[in-house]
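Handing you a structure now.
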Amino acid sequence: MKFTIQVSEGPYTHQASDSAYQFAKAALEKGHEIFRVFFYHDGVNNATRLTTPPQDDRNVVNRWSELAEKHNVDLVVCVAAAQRRGIADADEAKRNGKDADNIAPGFRISGLGQLIEGGIQSDRLVVFGD
Amino acid sequence: MKFTIQVSEGPYTHQASDSAYQFAKAALEKGHEIFRVFFYHDGVNNATRLTTPPQDDRNVVNRWSELAEKHNVDLVVCVAAAQRRGIADADEAKRNGKDADNIAPGFRISGLGQLIEGGIQSDRLVVFGD
Amino acid sequence: MSEEMMGGDIKKFMYVNRKAPHGTVYALESLEVVLIGAAFEQDVSLVFMDDGVFEIVKGQDTTGIETKNFSNTYKALEMYDVEKLYVAKESLEQRGLTEDDLIVDVEVKTAAEITALMEEQDVLLSF
Amino acid sequence: MSEEMMGGDIKKFMYVNRKAPHGTVYALESLEVVLIGAAFEQDVSLVFMDDGVFEIVKGQDTTGIETKNFSNTYKALEMYDVEKLYVAKESLEQRGLTEDDLIVDVEVKTAAEITALMEEQDVLLSF
Amino acid sequence: MLHTVNKSPFEKNSLEACLAHAAEGSAILLIEDGVYGALNGSAVAEKVKDAMGKFTLYALGPDLKARGIADKVLDGVKVIDYAGFVDLACENDKVQAWL
Amino acid sequence: MLHTVNKSPFEKNSLEACLAHAAEGSAILLIEDGVYGALNGSAVAEKVKDAMGKFTLYALGPDLKARGIADKVLDGVKVIDYAGFVDLACENDKVQAWL
């Protein structure tokens, strides 16, 4: 079965990103397909490579990046939500006159249409939020 | 009177940062002193210079930077909370092996002791959160 | 069922709005999805329930809190062919509100009717 | 009053913990403030009320959700000379919990007693 | 002592917890989504009216206006602006935020 | 249809809203702080027990264990893991998250 997952909260502050990750991992282990993980609202904050969590804690951002690499999962960060919150890739940084970017490997920035497309193309949309 | 203000949520997602800003501005206009604004939890996300909010909306980050510059307000970002969420200045970036930093002008990263000190040194601590 | 739809059939999308505006960004960002989503020409409906009914209260003026006043955008939904707006009867009543307090024309639905509407959907988006 | 305290007098700090652990980070980050704050040698107390009482429930095991299990840290508070731990009686009861369910020794207080304790404080930190 | 409440009483237990723990004579200020607690004719209005016998209730005007409910406020609730919020924080010896 | 509830019923109205709007025969899965709704002997336990006549109630085991309440779960609540959550999402034609 084909899933799209929406993550609406950032790392650590809410469990939403953890639950979404565990759900995605379990789905992949069962042979299902993750069509897309869409990061919206504060969920875009999962996509920064500048986090340094305590060594005795999980690394939420790296965990997503590794899942993307291992299983070729499409991690999409909403551009409008990312602009409000300061998540930028090189293109976005250039376009908005920023002197740095912070996006983590495996994430790409795109539009809200990607969420709707996820809803259309997938068998199930599962939302994790606050 | 001397105030310390704690901001516990990030920009745009919750009104906490807006309310804290309006409170700080009103207090300064009345001749009070803002001893410190302490950004904790997701509040640290107010301190990134990479945001590009819609042009018809307020710029939460710049507003804080401007307040700091105009009134010499001490804007302190909790280092532990910042590390979890990916807010870094040049020193932090270097120390944690990051290739970029994202801190906005007027903010400084420091320890949780700064919050306690705010509580000790100020007449009032006012918390804005979720 | 969803397999059959892959070819370009239309899916029923419902936006479930349960949060008050201004205190958090969810209402605004939900509306942004609706506007972008309209281009996909799916069968779209919005339901306002619990504190979500406050999103469409008349006379909102955010000048004093200096945030974005997006309440008038709900009136523009019609132009995007988003015309199915449902409001939970019990949620209105609990808040002392009536249809007259709302900025857009809506269909007021009982909890049982909303249950039935939800069951008809293909995709539920929660805000 | 606060002017007199500037010279090194001790202030009464109360940490008001009202949120469940794990679902959000507030409980953990509140505890981090308490640990750092202990070095300042103020008069510190913690109150656990509403869902905050869940923070100190025994037997928490976060292996399955892969988050940090910080519940044992409450047992270390004593070593930091943080010894005034209050728990709201009504909050425990509402959740079907008793003192025996808690990981640390606490003083169970009624709402009226918590009101009085709050009134005694100089600084209230809300988590 | 000043208590602030920033959550809708229809969604969260913040106002309830505040009313159960504020000392008699306290000032309670509704801000952000907390101002919905000042709404006339709602299911919580009676509880809030009762509380006015024990506390002084304030609501932040800019937050009421933002939500379109400035003309639907319960009698007895004092509407103030951010300057008034600052004054309340000064007049009272400390502030507790019920989040 | 599968409904998920991730909020404590003592703090927020999510479970209440879910119970009021889920169709008879629905599956309701408590996750994150939502698992406190499965707690035996609490003030909401009776309401949840009543709901079990109309719905099938599930709770996520890893979340129960994290909170130290795995041995305090109401009879009749089915405890599942993340794989079970995935199965529920497959078996049901759609998922509604009550946040």
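Think of it as A, B, C, D, E and F in the order they're written, each chain with its own count starting at 1.
Following the convention adopted for this analysis, contacts are C-beta pairs under 8 Å (C-beta built on N, C-alpha and C of every residue); 3 or more make two chains touch, one makes a residue touch a chain.
Note that the coordinates shown come from a computational prediction; the quantities given were computed from them, not determined experimentally.
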{"item": "Pair from B-D, A-D or B-C with over half of its contact pairs in common with A-C", "value": "B-D"}
{"item": "Comparison of A-D and A-F by number of C-beta pairs in contact, larger one", "value": "A-F"}
{"item": "Chain centre separation in whole Å, for subunit F relative to subunit C (CA means)", "value": "25"}
{"item": "Inter-chain centre distance, subunit B versus subunit C - centres from mean C-alpha coordinates, in Å", "value": "34"}
{"item": "Contacts with 2+ other chains: residues of subunit D", "value": "22-25, 50, 65, 67, 122-124, 126-127"}
{"item": "For subunit F, residues that touch 2 or more chains besides their own", "value": "6, 10-11, 13, 32-33, 62, 81, 94-95, 97, 99"}
{"item": "Sequence positions of subunit B contacting 2 or more other chains", "value": "8, 12-13, 15, 19, 22, 41, 54, 80, 84, 125, 127, 129-130"}
{"item": "Subunit B residues touching subunit D - in the complex, by the definition given at the top", "value": "2, 6, 8, 40-41, 80-81, 84, 111-113, 115-117, 119-123, 125, 127, 129"}
{"item": "In the complex with subunit F, residue positions of subunit E that touch it", "value": "10-13"}
{"item": "Contacting residues of subunit A [partner subunit D, same complex]", "value": "12-15, 18-19, 22, 54, 56-58, 130"}
{"item": "Complex contact set, residues of subunit B against subunit A", "value": "10-13, 41-42, 45, 48-54, 61, 80, 83-88, 92-93, 96, 98, 100-102"}
{"item": "Contact footprint of subunit E on subunit C as seen in their complex", "value": "19-24, 50-51, 54, 57-65, 67, 69, 71, 93-96"}
